[in-house]
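There are two complexes below, and they share subunit A, which is joined by subunit B in the first and by subunit C in the second.
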Partner chain A sequence: MTIKDLIGCLQAELLTGSADTQVCGCYAGDLLSDVLASAKPDVLWITIQVHRNVVSVASMKDISTVLITRGRKLDSQTIAEAEQSGVTVLSTPLSSYEAAGKLWETGLR
Partner chain B sequence: MNNPTVKDKASNAADKRRVTLAQLLVYELRVRDAMHKDPVTAQPSDSLRAIQHLMKKHRISGVPITENGRLLGVISIEDIINALDKGYINDPCDKWMTRDPVTLRDHYTLVRAVAEFDRHGFGRFPVLDACEQLTGIITRGDISNALVHHLEARAEQAVAHEAVLVAERQADEKAHRVVLRTPIKSGDFESAGKVSQRMRETLRQRGIDPEARRRAAIVAYEAETNIIIHSIGGELRVVIEPERVVIDAMDQGPGIERLDLAMQEGWSTAGPLARQLGFGAGMGLPNMKKSADHFEVRTELGIGTHLHAEIVLKKAELNPGTTAS
Partner chain C sequence: MFEELSLHILDIAMNSLAANASKIEISVLENHQRDWLILRVRDNGRGMDAAALHRVLHHRATTKTLRKKNIGLGVALLRQTSEMCGGHFHIRSAPGQGTSVTASMRLSHIDRPALGDLNSSILAICAANPKVDVRLHYRTDKNQYHFSSHELAPKGESCP
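So, the complex of A and B:
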């Protein structure tokens, strides 16, 4: 599935990266070590964390897309780092729970 | 290894690459990339005789008949022969042309065009654009020419690329052992991940398998953040060798009070700031142990902790045709 197909239902804003980014599956979590341990490559990662370590963890695990929830935004330096690492970042006003529900409904498993 | 074997392998590999590339190109290239643009056309009122002259002059075997750019029909050399034979060569062509001929669209892939040639057995197809206007004409020969032309360009690129690769590999062998040493400050969350990022970059350039790369990254990152979160400061040393990565994280204290508990998932002594930033899941040491092929922790209260991990590397599987001997 591409990000393009998900942006609408998440009311999301594309902070950096391409709407053509592919995601296969999803992982939700705010604990970085948990994501490092369990997330699969090329998933969409739902988190409320906006610290620059989010980008480090995402690129380390080859996570293609990060979805920041509750309308939080990354600072410009972190966005620049995400862009450099090829990580797509979205921001949604929804909570992590709501976002996960919407994504589940689209068939992203 | 003797030279002839190496040569045979290389040329076999090159053959394989050429076939794959041609197959790739017929999917990439479009009819508009291969067709003859601005084809010779005739009007419906033109005589078959005039078209015979057109064919002779341009050495072509088929002429599309158009009106204001719209395709009405086609006259082939066979139609001309019949007209000469049966004596109607001076008739206007619209009386004898093949109406509504099969056409191709300019955006079709060449693989689809080849399929149409096979299906209908025609020598040529008129090509229409999105506005139904005649924009070109395509023959099997045009397809072959386009493929040869593009293959040539790709082959030149490949030769240039190979030279770069050889130069890179030679530079690599000269410096096949890379040592990254970085002092790490307590509480410096902003810098977390820097060493592991440099390590990953080196591993990627060396073509290390992504799975091993990820495991090494996890160990380096957790080791780095451990020093930031828990220690009063220390050093991370990453040694990248061709076959393995050795990671040593040493700090000046305070040491881990209960190593048995620290090795359990979910147990953490991280402070509130670290937890707010998403650290302190209590998974650091277990994650490292799981990701490393060899893992050891030595710790002494008041002295410090030394963490030693090794990850065995293997090269990523290369595509056939790009393998060197």
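So, the complex of A and C:
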């Protein structure tokens, strides 16, 4: 599935990266060590964290897309780092729970 | 951000071992009156020059080689935890002078991870290299506790 199929239902804004980014699953979590331990490559990662470590973790785990929930935004330096690392970043006003529900409904498993 | 602060301590101390330290001093200061929890890991390892220190602080971390991807996130994660919990983070290091990592946080901060199983972390550090003198200084408002792995060892031998 590509990001552009998901942006609508998430009411998401693309902060950096391409709408053609592919995702093949989803992971939700705010504890970075847990994400490091458990997330699979090429998933969309739902989190409320906006620290720059998010980009480092995503890049290390080959996570293709990060979805920041509750309308939070990354600062410009962190966005630049995401761009450099090839990580697509979206921001949605939805909560993590609502976002996960919407993504489940689209068939992303 | 690890689940427990003791895992952060273990992680930072592993850097000390990788830097060939022969002595690692871990301090935990629990000041309830002023609402601070201060962790410090100090070693006499090879230390870092300014460029390495910059990499560590700016996420382009590791001096460890042969990894598929650079890890070096440990310091960044501890920094995040301490700053998220109303504290400060410092590293002092110079080549040949060892390294000292200090992370403070508000004891009462709602997002502060629990200290967790400090005993297991200390044991793991001792076991990782029995020749290294691992010291723990744990202070609270009322009490203090000190441990040294070399004091446990029979004279002239390292800790088993």
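Here, the second predicted complex is superposed on the first by the 109 of 109 C-alpha atoms of A that agree within 3 Å, B and C clash if a C-alpha of one lies under 4 Å from a C-alpha of the other, contacts with A are read in each partner's own complex, and residues count from 1 in each chain.
We adopt the following convention: a residue touches a chain if its C-beta (ideal position, glycine included) is under 8 Å from a C-beta of that chain, and two chains touch if they have at least 3 such contacts.
Note that the coordinates shown come from a computational prediction; the quantities given were computed from them, not determined experimentally.
Engineer: By the touch definition at the top of the document, which applies to A:76: first (subunit B), second (subunit C), both, or neither?
Structural biologist: neither
Engineer: Just checking: does A:41 make contact with subunit B only, subunit C only, both, or neither of them? Give me first, second, both or neither.
Structural biologist: first
Engineer: Specify the partner with more touching residues on subunit A, choosing between subunit B and subunit C.
Structural biologist: Looking at subunit A, the partner in contact with more of its residues is B.
Engineer: Examine A:84 and indicate which partner it touches, taking first as subunit B and second as subunit C; both and neither are also allowed.
Structural biologist: A:84 contacts neither subunit B nor subunit C.
Engineer: Just to be sure I follow: which residues of subunit A are touched by subunit B in one complex and then by subunit C in the other one?
Structural biologist: 31-34, 36, 51-53, 56-57, 60
Engineer: Which residues of subunit B touch subunit A once you look at their complex with the stated criterion?
Structural biologist: These residues of subunit B touch subunit A: 189-190, 192-193, 196-197, 200, 210, 214, 217-218, 221-222, 225, 277-284, 286-287, 290.
Engineer: Spell out the part of subunit C that touches subunit A in their complex, as residue ranges.
Structural biologist: 1-3, 7, 59, 69-71, 73, 76-77, 80, 84
Engineer: In the complex of these two chains, what residues of subunit A are touching subunit B?
Structural biologist: 30-34, 36-37, 41, 47, 49, 51-54, 56-57, 59-62
Engineer: Can you name the residues of subunit A that touch subunit C in the complex?
Structural biologist: 31-34, 36, 51-53, 56-57, 60, 81
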